[in-house]
Amino acid sequence: MAGNIIGEMFRVISFGESHGKCVGVVVDGCPAGLKLSENDIQRDLDLRRPGASNLTTTRREEDRVEILSGVFNGYTTGAPICMVIWNRDVRSEDYESLRYTPRPSHADYFAYVKYGGFNDYRGGGRFSGRITAGFVMAGAVAKKLLKSLLDVEITAYALEIGGEKAENFTLEDARRYRYENECRAPTTQAAVEMKKKILEAMSRGDSVGGIIECIVTGIPPGLGEPVFDALDSDLAKALFSIPAVKGVEFGAGFKAARMLGSEHNDPLVVVDGEIKVEKNDAGGIVGGISTGAPLVFRVSVKPPSSIALKQKTVDLRKRLGTEISVGGRHDPCIVPRAVPVVEAMTALVLADHAIRYGLIPPVIKNR
Amino acid sequence: MAGNIIGEMFRVISFGESHGKCVGVVVDGCPAGLKLSENDIQRDLDLRRPGASNLTTTRREEDRVEILSGVFNGYTTGAPICMVIWNRDVRSEDYESLRYTPRPSHADYFAYVKYGGFNDYRGGGRFSGRITAGFVMAGAVAKKLLKSLLDVEITAYALEIGGEKAENFTLEDARRYRYENECRAPTTQAAVEMKKKILEAMSRGDSVGGIIECIVTGIPPGLGEPVFDALDSDLAKALFSIPAVKGVEFGAGFKAARMLGSEHNDPLVVVDGEIKVEKNDAGGIVGGISTGAPLVFRVSVKPPSSIALKQKTVDLRKRLGTEISVGGRHDPCIVPRAVPVVEAMTALVLADHAIRYGLIPPVIKNR
Amino acid sequence: MAGNIIGEMFRVISFGESHGKCVGVVVDGCPAGLKLSENDIQRDLDLRRPGASNLTTTRREEDRVEILSGVFNGYTTGAPICMVIWNRDVRSEDYESLRYTPRPSHADYFAYVKYGGFNDYRGGGRFSGRITAGFVMAGAVAKKLLKSLLDVEITAYALEIGGEKAENFTLEDARRYRYENECRAPTTQAAVEMKKKILEAMSRGDSVGGIIECIVTGIPPGLGEPVFDALDSDLAKALFSIPAVKGVEFGAGFKAARMLGSEHNDPLVVVDGEIKVEKNDAGGIVGGISTGAPLVFRVSVKPPSSIALKQKTVDLRKRLGTEISVGGRHDPCIVPRAVPVVEAMTALVLADHAIRYGLIPPVIKNR
Amino acid sequence: MAGNIIGEMFRVISFGESHGKCVGVVVDGCPAGLKLSENDIQRDLDLRRPGASNLTTTRREEDRVEILSGVFNGYTTGAPICMVIWNRDVRSEDYESLRYTPRPSHADYFAYVKYGGFNDYRGGGRFSGRITAGFVMAGAVAKKLLKSLLDVEITAYALEIGGEKAENFTLEDARRYRYENECRAPTTQAAVEMKKKILEAMSRGDSVGGIIECIVTGIPPGLGEPVFDALDSDLAKALFSIPAVKGVEFGAGFKAARMLGSEHNDPLVVVDGEIKVEKNDAGGIVGGISTGAPLVFRVSVKPPSSIALKQKTVDLRKRLGTEISVGGRHDPCIVPRAVPVVEAMTALVLADHAIRYGLIPPVIKNR
């Protein structure tokens, strides 16, 4: 029980259900004096909104954020910030049939077991991707804090979708193009190929997965509190809270397992009087502490479990095998909409650690 | 600051330094009435002890656990259990020369920056692998709890070292052989090949990495507290606290990114009246909740940064480039000794969640 | 920063402002399967509602609870329960004049200092007694849990108001009469005397304080997790979170300081085969653990700081002395409306500890 | 379970037993760069040491602190600081007879119930006052931090013992005299009277209680994180963790309940350009936030339960009434030895809040 709070000093509390009244979040620990409007939140929310392209669910939600507390006269007050989006386009009847015939690889059945059948099963309830709208709202606050106080910039993008991998691009490309294409790819060309893969799978009633890469610049050295609240530890925890994430790796990641020490080791060098790492195979974190180099990590996203193709499942009442073909409105690939969620979760963790490390004061004075 | 506590109800506090007086741990939240002796702890400690084979550092430490509190008349009392190993074979002079010429890719320099030079740099201080002896001590308590109350069994092994991957083995093989060979490989044959790779690198003054796989059987369904304290989230956080870990994946992991939904999805089936998953590509966790299927995950371990080969680094006093060749006593591959540490961190998280989910009572009655 | 969460396993997050959109609360950690409706919450809310008698502020708020999440088909789901009351009768202009002439002994000025002037000062913002409506909503959930699973009953009442002390009453009297009179006194006679004191002070533009006593029956022995999360420790923390509370004492409390050991000590006796304490001077807690005897504690409530009488204060802009006479709508005595708040905070702590001690399961099966 | 950690950013973990190997504590979250030696700790420890006068238990313990980790070259490193005192003069046989005949009003029986009889009952185990030696060790670190960075000074003293109350003294008197007399009274005269009361009770085989007052100067305004982590809330929680404390009040405390608003209210005034409160009836905390005025609170300490006089109790094995006269070595009044403990707990909470409010950096630069 009681697993819906993350962070130590910048704390985020998630609430709400996919087909309940709303999806919401409370941020406890945002300093006073941050200029913040609903527009700041809305920009990020729009990036994960459903129905924005033909690659996403056809559920039409405006997803307009309403700030319920913690902001006054355009600035944060130091009090908890509660934000919600209200659910409108709810067709719970789509899900009634799923109640006793759980979708394979979806949380439906396991939530049923865990909560003794009391869970709100409509639209996956708490296990819907829609819950991540709350993450994005909180993340937008964290991002603004990080950007305005420390000039931290977080850039996630689809590195790979359906086996199609983006190549030959710079961080600048990613920043420029990822939100200009539906796939959130770092290049237009990759976006075209990825989209093909998605549509192909979709047309067969199937779905595809992919890999999201995230690069963060401007992180000061020293963030992270080893041994347990190491920066990579806390980032990994936050990233695995995103539904469908099955792997997280930093820097060379799983490739590091096949490298020699002499290959992987990253020489320290002096550049313009500053001590820096030469290659950043560590992905910006050594010993659980940020090195000052860009943070680099990748996240594996599995293909969505809700597919139209016929699958084996069980009838919970009869406890007998049956078949299911998931109708309703579902994404054939979650990667594009998960990109802003990865950024959000990253921001939450970094804001929390920046506060813990004394880099963000309780009151922001120079508005 | 203050990052040395992990867990909510089964809490573990790490303390101690590589070349200080001791390495220790406090477990707060172990139920009363668990039969526990120093032998229970020692068995696991011996598995990560240095100097046990010619593949590890030549530092000779007995690593004999001393329980300082929380156990009385052979049973846990419900009070915090403090355990230490005393450091004996400390040759801090080996490290004096490293003080101002940090090892590339080691935490030396970043700790120096973070703690303003006040950190205990001897032997890496808090950033030494030796700190994980504390994890193992706490993990041994958790393992005993899980085994005796829930029949949970945790089996980690070296899946791959230096590019050499173990193949064609069963869980039974792994359980039987991993602690019979120096590499902690699941088969004798793999152990031979892996050892070759390690010795080869060692002879060149280099080091190698690898992959540890961990399989846990007997986990009841329902463990994990989404959305943030999901079981995979908390496991990942714990695993990334192990030095040298650069990636964590569950079930199909990064491969899931290239699978179709129809491939990855795991049909629910009825077996002997029980509802089960057919393939377990999810690795035993869906929606952040244990499914009842075995937990399966892999951890990427980078090659140790302390190598004899000459490397570029900087002289911190002169702020100029220099070279370093790390002497002292270091492991050419951390994988074998990290295997029991992976088991320990897994046990800590599972014990914590089992208590949170009400599966472990505050007092164990049937001794 | 970040001080708006209380509890470890039954966690409560407070948000909202007196003159913002709403006052709300999130409960994270309520088991699934508790029958819960808005009526269950409303009953308690009505007891602290303003405008219910001529002894309270004339602010007219309906204070109708809306459950936003966590309840489905009449039962809790195990997901976070978000509840709000919407602010309607907001006359912020009453407070504009107070912005730069803070009320003596009110948080106005100290919040201004702490939050750098960014705090929502309207109606006291986060420091308004109105925030405790959130405590009451969360407390109503905890009370239902405690009552239905453990038959715990919490009874608070005004023991003393304006120096007028209730005498010669039983717990039964308190249970029966406290919510039948405006003063929340345990006897009708005491209520009459207390009311006189309040009206007297009111007529002079002054205010009065008092003492609330709380008795809890049905508490099983063993609650409380010493040494730091002792039951009295956590209750005291929760009770001091109620605005205007200046003292908390258990059992004999401050009187115990003048007792001899032989007087204060409470013999253990066998009654019908059960081991019990004879007198309960300890107030139901020894060594931080519940003894099984009724919990008994008292809380000192200071007179409200907002009074019509002229007082010295400063003009924050000129930094010069000035005078203030507080208009607006204020309670001449906070005790009656604080009675249900004391019950609520008590319930939160007891529910948290009952879960920690394994007495409340994650799913309530027998609906 | 798991109640032995206090604090959010300056965290303290207690372990050890009265008659086990040691009593210890871990401090997680102390900044790097604080000059700290065992002498700094010893000074405070000596103030609560047993056997130091004929008013305390005759148990002779040297109580010499050993720092096991977290300090290097005379400065804190930022790593957890583990400190222990080793138990020497252990006469557990004194307690064997108490095992099944619990002392009235002592935790013996309730611990037996809670921990299913597995608790270490020797000398009260975890419920012995000796555990507070750990509080004092951690408190000494916090005090040094507060003193050297913020010039905070904490002064507790026996205000009243056995009904004998100290009068006509200044804070300066208290600072000067309290540690020069065995009673920790603020004046020599009061000490004489108090001592009489203690010896009188002692000679009759009885015990007495008292009141400890604590005044803290130098606290900056703004400490405390309402609504739940209010400064008074967290102080009260910490203070009730001290065995024998039955009441806590701030400023006017329980007297405030009988005051009029016009009496209790504290005018804001301008003194030398600074805005201050005139009287400080609030005891330095308003709305859960420090006002900048001295913190003032009082703690009620009950008479020790271990007395030589014959008392009724039960024989746990026979479940029948019996009598007990407690031999062994016990304090006839706990107040004098609790004075440094009150200071320690106060320091822990203030250090925690100073860090949370950004007043203490992660690294102390100007050594």
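Letters are used for the chains, namely A, B, C and D, taken in the order the chains are written, and counting of residues starts over at 1 for each.
Note that a contact is a pair of C-beta atoms (placed from the backbone, for glycine too) under 8 Å apart; a residue touches a chain by one contact, two chains touch by 3 or more.
Everything quoted here is computed from the prediction, not taken from an experiment.
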Co-neighbours of chain D and chain A - touch as defined: B, C
Least hop count linking chain A to chain C through chains in contact: 1
Reference chain B; chain at largest CA-centroid distance: C
Whole-Å gap between the CA centroids of chain B and chain D: 38
Between chain B and chain C, centroid-to-centroid distance (C-alpha), Å: 46
Distance from chain B to chain A - Cα centre to Cα centre, in angstrom: 27
Touching two or more other chains - residue numbers and ranges from chain D: 1-5, 8-9, 14, 114, 126, 222, 356-357, 362
Contacting residues of chain A [partner chain B, same complex]: 1-6, 12, 14, 102, 104-107, 109-111, 113-114, 126-127, 131, 160, 162-163, 201, 206-211, 221-222, 224-230, 232-234, 236-241, 243, 245-270, 273, 275, 277-278, 281-283, 286-291, 300-307, 309, 311-314, 316, 319-321, 356-357
Of all residues in chain B, those that touch chain C in their complex: 8-9, 222, 356-358, 361-362
Touching residues (chain side chain B, partner chain D) in the complex: 1-5, 7-11, 13-17, 20-22, 24, 26, 28-33, 68-70, 72, 75-82, 84, 114-116, 118-120, 125-126, 355, 362-365
